[in-house]
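A, B, C, D, E and F label the chains in the order they appear, each numbered from 1.
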């Protein structure tokens, strides 16, 4: 049962990724796209954890951890660029 | 708060993090974890403009529990609204006047506001006296501000004097 | 067969090398030793021909009696190139000519050259040329001969261009070099072909293999190539035009090059290879035909020259045509006549050039229209010049007469059809007529005509010693002309024997052979020539005939056409810049790798694959959408960058789902850093791409891109679905844990199996850091737009990131330590360390961070690299190869067994380099100094 | 693994997935940036949190070794999500300045004190920020 | 016994050291650089000495069997190129020591890294390792090209960088395909596996080797991929441009190595397929490059085109595929490396004297020491145009000699014709630069005399060219032996496969 | 799965090539980035893809190719990613300098006049 739950969940997450992708491609503002990218990262974390459960492996932990820890850097830097061209002053 | 342990909570955090990461509680890892717990905050501390001083550890846990609970509740609320008709939403910006002066306190408050669905802290005024909050759906601004101040800011004032 | 004549005498070997070395050594001395008096330079220069003559004299008995002297040294034996020299009769004769006239020219030049001339340079070049010419005549290996052949071209280029300030001289020099250089290359081809036929380049072997050469299928090619060399060098039609332009050289040079040496090199080669090449119809027709035409064309044009040297130049062409014709006729007596005429021409032409030089020197002009009546001012010189000119005209009692007689005799004897016979005879007669005509013009217009010279200076006889060379030569002309048997006969005999060997005919060098047809022809020539000259004078105003330098115009036009074509092609090729280069790469890829194999892998595309993993379709959609959107949005750069970020995430998800956690981690981190980099750069680039390419171009590129993509996809699919083969991976997996002490096989490969790759990789990474540092260190760049008036500080994120920082450091340490067994490792850990620090830069500002932390990232790279290297070198001290890994598990109190591998130390090096390199890049890019806003963006650059 | 545990875990996964989906759906559906901002940054935290708990339990029950370390993912998300939300909001404000509300009524020091007292004066009771 | 790896390690170590002493005086840096070069020269001479006897040294890095780890293989060809590189680099460093090294940040470190990359490329027996060393070499060359530069050089550098990255990307594609098909990266092992490959895979292997060919030809600047080179090289600072003379040769080397070893005589149906393409392309490149040299309006552009032409000549020689031709090609490779480098240095000496005219092919003021510069130029020009009595002539001579009768017509006429064209071009240049001098305008500053160090560096390189002539027999003996070694790859394959680790178990 | 992967590789290649052929430096860099993704995926795919068989050895799992995917291509890709990153950094900086020095981000900026006729 749990296997099928994980499997369904994975597909749902895939669908969520598509929704985020749509926003990423559609815009309309830069901020929307950055937000979509950020959401994609979150979706990816979910997908990774579920995938780890699907395969019964904890080997994806590091990847999920790194996304959680550093995935936002892209978002932050892109936003900072929008805010103020100079990312690093 | 000695020279070698500038911020004990941070050191403890590092140690806990380390032990969780290695998923192994052995003497060797403990030694390594303690070494890191001493060394890393020293490195990081060099970059910190303002030191955080945490008082009232108990208050921290109370606040943590409260925030977690609020997150769950408001998640449900926001999910309901997202799935509902968009026309029912009245998103608004509102300025929250701050009592907290400590930047750590302000940051924590802002983080809590952001983490609890329905509100996002969007900007801190330059004089650090006001926090701009965007609400997903706001009926009564006064009530919201009052809630925030009571539920979060007050304990934070205790934690970060 | 000729080898028999060459007695090799060991005792004389060194003399031959000495003979050859003298001019070169002295040339070097003259050229390098500066600040010696003029006369000393001249003496030094004169030493070469003088000593050379002595050597030659010493060798003479050997040549005359034993058939010659030879020596040989190995040089590049693999290609049959030996340093083989041989002084046989022919070489001896030419060497004599080269040295003797060379000596006279040196003497003459010493007086000829002005006070301000660069005398050492002149003599240096002259000696170089002399050496090259000597080498040419004594070389007995055809490749060596070709070497000296081109050396004469090069050194004559220098000599002709000696007065480099003069445009004519420069052009003449280049023309001579181009034509004769081309001939030299042709010679090289011919020589190589001969070598292929004969199997050797040694002259003896080649000359002995004449029959084989003539029978070879490549014979026509050989002949044409060699003849091209001969004709260009000897200024034969249609390559003759360089010679008159070479007259821009100082007169001693002309006297030397165009009487005794340079142009004679061509006919020398002809006679040298005569035994090997002659005797076929092709040879006969081509050589004698070209010779005859040249003889007539040169003589005809000579009549219409106004420049003394021009006249002499065209007459030289004509005489060389005559010699060529003689060799073309190929009868033994014709060869004798040819050799004889070579000597005679050298003497009278050299003296004529010198005389012309004296006239030029004393009057300041060589234009016959401005000269006249010089016998009054320069009686002695005039006398000498007139005698020499008569020799040139072939007047009896002078040497020119003798060889011309022999020529006429051979022309009458020529074999072949009647038509040929008539043609040759008529040509000979005409040549005689023209020769007399231009000689008359030379003598008459310059010395005899009674119009006073139109020059603005007082004319008087030149210095005594300037005339001596002329006198010597004129005396030779006379002596040979009067008593040939006592003077020239032995020389000629030696030369003839070495060419014809046993076929040497009987010939007589007597002045008087009775009244015969040749004598009558000579007579007719003299009368006809006189009539022609005076007739022409009467009919036209000779002086008004202006000869357009047809040859030069052709040459110039050809040169311009060549240059134009070159420029056009090059411009068109390089027009497209970078895009063109890259486009061709894609096309080359399609052409060599994809299109030819597509049919063969067609079946492979039908093979089924595995099912997608659960989220695979979403990742696929992410990648497809991202790739398309990147193209669609690429002109709005920020947007494109965000989309690229999503593509990068997609790629790392592919890695995750397809069992490559290390790759996924690396990809994620690199992706993040890349985006930061690009954003940092975008600040200094326009935010929007201008659309500068046409629609057609975009469509073309699109088609090419799609073709490339489809091809690569097909290859990838075919590869992925083919049944698995035997790879080294199974062995890697099996040996990873027991010998590499790591469970993460990818990491074990990186730091152990293929640690050497990683060493290179971190070197690349470190260098990238250094490069960025070098490029941005002192640069001041202009941001694309002024920063918006937004506040810089972001206090809340900054505070949070403080909290994050130590935690991220801990994770970095974790990833580093665990890397050998779990996903992670030095590279990933280095980036996990760098990115949070980068975030500090972003949120706090670089100055703040650097003032607080103050890393020297360059040193960090250096130390990291050294750590990796030292780890690798350590086993070498124990006698094991570089990077041999070691493993110890020391027992520490309290902690227990600590597994330590040397690979971990290596990984530490990786860690440091990656951290240092990426931080160096990011911090340099983040801290670019802005150009002052007032300055235009065009010219900041490095300060 | 007991059936109950399986059901509970499945439920947890379902809830988590649901929130993740809602977050993305909000992003997809809502019409304006600041509305969209609420979807993902929130629903995803709880969504990922639930899934993580499920994962910890799953691996623990399966005997793959109890890995509490997944907690760290949530920890880092809690640390980083506010940062990204904050900077994105600021970026959006910069991109469309017309949305920016007027500066706080009391920008100067004295005025802000007044605002402070106002805030203290207001009733402090209430359930939370979502009590609207 | 560590010789092969030392050739790579020595420059790497000195490069890293140079980074550490960077804060000190330039003299310290120069000392480190000089020490590195001297050590490298010693290593290189020892390598050549050893390889000259016909030994193929296989060095198992990390003590892993060749097919698992990375093996360095030092045969005659590799050793020869290492020595040539070391000599060339010494001259370049000498030239740079007259001041450029102080202006270009990190010069000495980059130079050492460049050498490490080059030597690695020449010695490695592993295809992926070849890629890595290509990259080391390339990135160091970007550094050398761009460090201290500005303006147009940046644009040229951008072209150079982007083109090479694109090529490297393709290299990776080829590597991926080859590994997927053959399951190994060791070239000797690959050669063996190519010969026994499944016929169904041949098309794919052919495709992979096609990609590889494109990559190498791009680096070696063969038509139609040479367009990037003149721009990049002509903007490089002189010592760097001189060093670049060997960079195109790396591409040529790679073609030679891979297509004699992996797709060489042992490769079965794929044996030598690439060579058929290279001859016509080489000829066409030669013609176009020579036209480019004729058309060039600056000295450096002209030299850059001549470099392309020399690479094309090499391709012609190698594509003929006989030991004689390949041996001749190797001799020509040495020649063109030294002489092209020397020509770049000469041109720089001239350029520095011509005030605002720089290296434009136009009249300018008289030069200092015209005799010296003129002689240097003449020697280099005569040599590169392939005229006697210098090395270029003998190189071309041997190549022509080795052309089989079938191809003779085309090859000879083109090689000889282009020789003539380059002769014309260089004669024009020489006469423009040295003969058409106009007096300096009164106001213009008269340039300083050429630096002694730079002249010595140039002389050293020309001396190498002359040494190739004087010691022609010995050099040709070596190159022909190297060619034979190349064309009979069995010994190489055997040596690499049978090399046994010291500690570990050999591969089954 | 293979089809999906191959199509993605092809599409990324096509997009990369197209962008590489644009005339602005930034577009070219984007193209190179996409191309390097495609290349990395291609090399990776050459080791034959499989789900859930990461080449990390576990107790009780045989260290064979049947249980693990081929680790070597992964190591190669890792190296390739790192090198590509280094190269990207260099390209970006050169593009910045080129634009600043020559006043345009066109890849052939200022190519007129000097160098070629």
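Assorted remarks:
Quick note on the criterion: a contact is a pair of C-beta atoms (placed from the backbone, for glycine too) under 8 Å apart; a residue touches a chain by one contact, two chains touch by 3 or more.
These numbers come from a predicted model, not from an experiment.
Least step count on the touch graph, chain B to chain E: 2.
Listing every chain that touches chain A and chain C alike gives D, F.
Chain pairs B-C and C-D differ in how many C-beta pairs are in contact, and the one with more is B-C. Comparing the CA-atom centres of all chains against that of chain A, the greatest distance is found for C.
Here the chain at the heart of the shown protein, by mean C-alpha position, is E. Distance between chain centres (mean CA atoms), chain E to chain F: 27 Å.
If you average the Cα atoms of chain B and of chain D, the two centres end up 12 Å apart. Inter-chain centre distance (chain B to chain F, centres taken as mean C-alpha positions): 40 Å. Between the Cα centres of chain A and chain D there is a gap of 14 Å.
Across the assembly, chain C contributes residues 567, 570-571, 574, 577-578, 582, 613, 617, 641, 657, 661, 680, 682, 712, 719-720, 727-729, 732, 753-754, 757, 761, 764, 767-768, 771, 775, 788, 790, 794, 796-797, 800, 803-804, 807, 811, 822-823, 925, 941 that each touch 2 or more other chains.
Residue positions 128, 132, 135, 139, 142, 146, 150-151, 158-159, 162, 166, 173, 177, 179-181, 185, 230-231, 295-296 of chain E are each in touch with at least two other chains. Looking at chain F, one finds that residues 20, 25, 28, 40, 42, 44-48, 51-52, 54, 56, 72, 79, 83-84, 86-87, 90, 94-95, 97, 101-102, 107-108, 111, 116-117 touch two or more other chains.
Chain pairs that touch one another: A-C, A-D, A-F, B-C, B-D, C-D, C-E, C-F, E-F.
Residue ranges on chain F touching chain C, taken from their complex, read 1-30, 33-34, 37-38, 40-42, 44-58, 63-65, 68-72, 74-75, 77-79, 81-90, 92-97, 99-103, 105-108, 111, 116-117. If you check the complex, the residues on chain F that touch chain E are 20, 25, 28, 32, 35-36, 39-40, 42-48, 72-73, 76, 79-80, 83-84, 86-87, 90-91, 94-95, 97-98, 101-102, 107-111, 114-117.
By the touch criterion given at the top, residues 10, 13-14, 17-18, 21-22, 26-28, 31, 36, 40-41, 43-44, 46-50, 103-104, 106-107, 110-111, 121, 124, 126, 128 of chain B touch chain C in their complex.
Within the complex formed with chain D, the chain C residues making contact are 788, 790, 794, 796-797, 800-801, 803-804, 807. Residues of chain D that touch chain A in their complex: 1, 3, 6-7, 9-10, 13-14, 16-18, 20-21, 23-25, 27-28, 33, 36-37, 39-41, 44, 47-48, 51-52, 54-55, 58-59, 62, 64-65, 67, 69-70, 72-74, 76-77, 80-81, 83-84, 87-88, 90-92, 94-96.
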